Amino acid sequence: MELSNAVKASVLVNALPYIRAYQGKIVVIKYGGAAMIDETLKQAVMDDLILLSLIGVRVALVHGGGPEITSTLNKMGVASKFINGLRQTSAEAMEVVQMVLAGKTNKDLVTLICGRSGKAIGLCGLDGNMIKCEKLKLEDGEDLGFVGNITSIDASLILNQLDNGYIPVIASVGRDDNGNVYNINADTAAARIASELRAETLILMTDTRGLLSDKDDDSTLITNVNISDVPLLIRQGIISGGMIPKIDSCVETVRRGVKRAFILDGRIPHAILIEMLTNEGIGTLFSVNA
Amino acid sequence: MELSNAVKASVLVNALPYIRAYQGKIVVIKYGGAAMIDETLKQAVMDDLILLSLIGVRVALVHGGGPEITSTLNKMGVASKFINGLRQTSAEAMEVVQMVLAGKTNKDLVTLICGRSGKAIGLCGLDGNMIKCEKLKLEDGEDLGFVGNITSIDASLILNQLDNGYIPVIASVGRDDNGNVYNINADTAAARIASELRAETLILMTDTRGLLSDKDDDSTLITNVNISDVPLLIRQGIISGGMIPKIDSCVETVRRGVKRAFILDGRIPHAILIEMLTNEGIGTLFSVNA
Amino acid sequence: MELSNAVKASVLVNALPYIRAYQGKIVVIKYGGAAMIDETLKQAVMDDLILLSLIGVRVALVHGGGPEITSTLNKMGVASKFINGLRQTSAEAMEVVQMVLAGKTNKDLVTLICGRSGKAIGLCGLDGNMIKCEKLKLEDGEDLGFVGNITSIDASLILNQLDNGYIPVIASVGRDDNGNVYNINADTAAARIASELRAETLILMTDTRGLLSDKDDDSTLITNVNISDVPLLIRQGIISGGMIPKIDSCVETVRRGVKRAFILDGRIPHAILIEMLTNEGIGTLFSVNA
Amino acid sequence: MELSNAVKASVLVNALPYIRAYQGKIVVIKYGGAAMIDETLKQAVMDDLILLSLIGVRVALVHGGGPEITSTLNKMGVASKFINGLRQTSAEAMEVVQMVLAGKTNKDLVTLICGRSGKAIGLCGLDGNMIKCEKLKLEDGEDLGFVGNITSIDASLILNQLDNGYIPVIASVGRDDNGNVYNINADTAAARIASELRAETLILMTDTRGLLSDKDDDSTLITNVNISDVPLLIRQGIISGGMIPKIDSCVETVRRGVKRAFILDGRIPHAILIEMLTNEGIGTLFSVNA
Amino acid sequence: MELSNAVKASVLVNALPYIRAYQGKIVVIKYGGAAMIDETLKQAVMDDLILLSLIGVRVALVHGGGPEITSTLNKMGVASKFINGLRQTSAEAMEVVQMVLAGKTNKDLVTLICGRSGKAIGLCGLDGNMIKCEKLKLEDGEDLGFVGNITSIDASLILNQLDNGYIPVIASVGRDDNGNVYNINADTAAARIASELRAETLILMTDTRGLLSDKDDDSTLITNVNISDVPLLIRQGIISGGMIPKIDSCVETVRRGVKRAFILDGRIPHAILIEMLTNEGIGTLFSVNA
Amino acid sequence: MELSNAVKASVLVNALPYIRAYQGKIVVIKYGGAAMIDETLKQAVMDDLILLSLIGVRVALVHGGGPEITSTLNKMGVASKFINGLRQTSAEAMEVVQMVLAGKTNKDLVTLICGRSGKAIGLCGLDGNMIKCEKLKLEDGEDLGFVGNITSIDASLILNQLDNGYIPVIASVGRDDNGNVYNINADTAAARIASELRAETLILMTDTRGLLSDKDDDSTLITNVNISDVPLLIRQGIISGGMIPKIDSCVETVRRGVKRAFILDGRIPHAILIEMLTNEGIGTLFSVNA
């Protein structure tokens, strides 16, 4: 469909109040899932980031790994075992995880953004002692190896980059006081970084439509959740399974002062722009006022 | 027509290279004609300014008066006489011109922008000694009264406002060394201010489609003119009549270092946004490279 | 009388402690009355402002209109009616009031200051949303039309100009949330602006000697009033009539943190300099310590 | 040997003129070879960097890979072939090279510095479009694959980090305009970065004593070379083999304005501190005044 | 004579153009002679400095010693011998000179200014390596001892104090590269400091009326001298004796870019204010345009 | 003993944690006693100051006079009388004290530092009204003359110099509100200045080993004292005689927020560096945590 110029202009003008609302604010985006695999989606996300950055939103991107970790481990003959959906990470595997996350996934994203005339810099939790963690202990005593639990975040290095006009792209690894490096859940890392940055908004990109009343029916999207209602939603079984830790991250970051936390469907092209710069909420928003 | 969100997002994303190109640059817009009279067009122009300002373009608006001057003169019983299209301005009329331009037209525009959540400040050429002029002398010896010819511009006051994030709205009156106030052609004032501000772009809004090869056929719009071709176009009669002084202003401002000068049709809603943030040029561009 | 140079030098040296006391401080002056009409007095006031500004006092001037409003209304055939000394302002009259205040009186003052090598900029309450107001409601139910009651002041635009070394000259009109413009009492506007700017001093220029014990005897000037004594002075009838709103403005601004509020006789040439830079108080000072 | 405090104090005091000479200056260090493999040497280098950084020298570290690339390629079953000492790098190998350099070697160094209370940030030539390159073409037509030849350096991102008090640690990969990533010789990258940063000093760490008159006799170290003498030294065979490109980098960077370029023996613990903060030159200095 | 307030105000207003002309400019004053001995004159000079400083002139004071040096030398039994009007200064005498100039005269002036609510700081040419000099060699071979000839001035320390709002008071001693301290002619030091500071004005206070056509007749004051006319005036004998070095200092400083150099009669109370802030020139001005 | 470069490097590296701890912090040093008389010790102290300053410690030096005062008084035939170890200071003697302290001792130290490429500026308590005092009254009614008791410190002038990278060298004289100048105990002045500057550390240099359990046995040095234990130590007689006022100064400054106060043996070359940059404490530290 070819749009007339008048239509194009009106789309831009209609974005005006949203631009005003977000300008100068910090938005932390956890990037993952389908949007990280499909090339078209990936480019759409990067364009969204660049546009937001250009119009004055201060964007930070946090990412985990994905299929690349498993494929590299496979190529190197390192076996992968999962416990409760978490990768059991041996010292040998951790070296690969760090290498892929911080050297491959991270720098590929930076290259993509810079290639589209954006300004990005690739960091990980090791840079400037950004993410300090300790070994994550499971309640059932299972040993996950080098999977970390964040103990503190020093976001000053991220702020420096934002102040200089760069989009920081952050791989979620961290280290403990002994210099051991750990794999860290990217949702959690994004939420904690958002808190430390006193961000306006946290966006967790997923491969689901958002929180659904009936998880098998996309038309039952819940667009607004007051975080005080989350316990009830869990008891009702509406929040369940893999959604629980994601939503916990949202709740926790809102408690620490972030105004809005979204769960957003990464399979929709330009989901971020649509959510942020149009009048339609396409994901689920967690806030204290929802 | 209701647009899908995906379409909206793609309009925004397509504006990206244009935003990048104009960001931080100064654009001076001469506002007048139909766009100043029709309420819908007027609001569209103000929204364009606010959007440009929000995405980091540094916009200054220069305006003359319009029907309001004549109507106020009429109400006050001061006769208006025109010589070669220029208002012969007696001392008594000049008081009214200043009052209407700087007190009515100017502040009404400011109120309109501020009421739409923009940040504007109303100035005139008297503020901070911005526009100094002398009496304009016509070659045929006719006395136009208090019509001024700009002798110097001090744009520092405008820059202060831009630096503080305001859109300066400027009424085109000035004064001479004896404190006499003069009415000044707004096209000329805008062009000179653009030069002094080392603006990237000058836009003169008019009530014509732009420069036409055949002035009776809108489809013959000339979209690009190299300023070195202007003398030929005048000899050929393509540039003629009231277009000559407008285009002279464009040529002069480009010669003084402004990269681009547009003549733009103010009757098209959002003409400014369309020209600046889409891939379609709808006016006539004067530059050294055109 | 020709003064010797030694005498001139000693006058300058004697001003030293006063200069020190006011330097870097903000002084808001409400300008009106005789000092606004008589050309010699007017120039003396402007010179006072320029001198204060040059020696480092940060001066803002607030003015209402005067005879020019009435004469313009008359020329345009708009009738003026006064209720309790307040002009009943129809929509039509309000257009004229705005035009005269912001376009004539204001810019003429700016031209006068700039012509004497000062640096001034003319603003009104519409610029940058500076003065927000609502319709003033009289207790007796009379409808004054577009006469406004200030609801909020955003003084950031004034501060910007002071920071850049300009004397802001401010016409006292404002607007409500619907974009209706109102005429505002200049004493009140000056007092509220002084509070918002955390000014050191407010000066209200009037056509009386100050507060007099015996209103018919200029030699009974009261030079200092502790604002806590004002209610008593009203009960005693010493403060009465048109003095009441003026002194209310003084009391209110002192309560909000302005250190000193003066009522000063604008008929005395250089009254401002004399009050501020010599050892003689020629007006009435309202403060908490008086 | 236990040193007395007086002796310690005198060592510190004797460093004084050297500290003064380097303070606030930029020093770019190419790190590689033995100093990158031996744990004790590695820690000594990191302590040298931290000390220099603390006393006000602005240090940037550039590194290539080393045995880790080969070992990872081996583990992943990607064959390595060398042509004239340069690794022929297939697309598949390049992915591994990027991953190891930017994700493993780089971040391990950062972790080491941060673990010793230094402040480091890990970057590569892809961040902020820092290193742009094209495919390196060999004269004999052999195809080295993704080995790059630097076309431009944008050092602003490095300067940002230095301004914020961080030691930038930079992996020498870059990209072309099509987004292809290339392996880049770290000596060359360090030399070009030093030029762009207008560094005071370039240090290339190697596994030799420096430039020797008799390459088999360490006692024949040449401590100072005027870059104009390099062609003669090449003709005489004193500069030969692998030394030629290294010394070419030194000559080129000095020509572009870097004051001093050193070839320094990385096998000597604290070689950097000894060269920079004591009276003994232990490497070979290339300069225009040598 | 008691002045009316109106007269006081007009004196202040008349100073306005002079204040504007000097504001933000640097004025270096050589203080000496009668104005340094008579208590009333001394206080008048200090008040002049404080007033100038308050109204935004950036004032630096340079002084030599005076009777205090001789009296202290006498008390300590150190003999004084003069050659061509210059004190022959032994090492022992130099210690006393430094002590008196930098410890007594200098700090007494500072105390006087601070006691009158000014802000002063006492420096000498030894602070921050401000004045470097060498032994002054007389043409006739006579040895003056520790009398210095300025080789370089580093005025950055003075500028720091001016930037912080202090009046630097500077004793004219300096040192050579071996740490020997020298007595330096204060006229010369003031002139050189004025040049280095790119001052607007140099004022040398003396005990004469200025340059006189007839040295015995004060009414023959020459108020303006173009420095190109100085050689002629010397040949004519109008400039002679002790005036020659003073006027040489004026000529030299004007050649180096200082706009105006005055010789001013320190015996007239407030001579500085009168010269700078009134319409009467009471000294002799040396300039290129005079 | 000739140290190997490796040893030198390790000394430097071992200073690293101490440099980090003191960097950017303010250290006030009271300089006196043997370290002020012996030329070698004096130069060692100056080198310590310059090194500390270079590596980012912000050092201020406070000094009293010493033998120079007595010798100058003797030369000038002014008798010296001591009461309880304090010099009874007549008006005549005070002039000499000021002159020697501020003009001789102070400027000689500045010359020494500047001659060794440091950046120093000599101040006294009179500059910028830094030290205000009143006449010290002894309990036994004895009149000490112009010996002062500090009433207030304005350290802004010192901070200005530190901010500009200079070492302020401060002579301990001050003045009262009447302009009378007083001699002030340098230990007390240093302690009060340290408090006002919110210094990290105060160092009082003395001619004893520190606080000794047995004052006749240097091996009984007490290295750490919690200030709450001082009253007990006085009752036990361990703190006695001339140590009491020194330690009172330490206690008082720690109470006012200075973290550490040292009494340090000025007879040990480089005592300051050894105490601050090595692992051995050679003096007595007073703190709240000791």
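By letter and in written order, the chains are A, B, C, D, E and F; residue numbering begins at 1 in each of them.
Going forward, a residue touches a chain if its C-beta (ideal position, glycine included) is under 8 Å from a C-beta of that chain, and two chains touch if they have at least 3 such contacts.
Computed from a predicted model, the values in this text were never measured in an experiment.
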Chain D and chain A - chains in contact with each: none
Contact distance in steps, from chain C to chain D: 3
Farthest chain relative to chain C (centres taken as mean CA coordinates): D
Superposition rotation for chain D onto chain E, Cα-based, multiple of 5°: 120
Between chain A and chain F, centroid-to-centroid distance (C-alpha), Å: 56
Chain B and chain C, separation of their C-alpha mean positions in angstrom: 36
Graph class of chain-chain contacts, one of line, ring, star, complete, other: ring
Starting from chain A, with chain B taken as the next chain, the full ring order: A, B, C, E, F, D
List of chain D residues in touch with chain A within their complex: 72, 75-77, 95, 98-104, 106-107, 110-112, 114-115, 119-124, 126-129, 157, 160-161, 164, 166, 173, 175, 179, 181
For the chain C and chain E complex, residues of the former touching the latter: 1, 3, 5-17, 19-20, 23, 44, 47-48, 50-51, 54-56, 117, 268-270, 273-274, 277-278, 280, 282
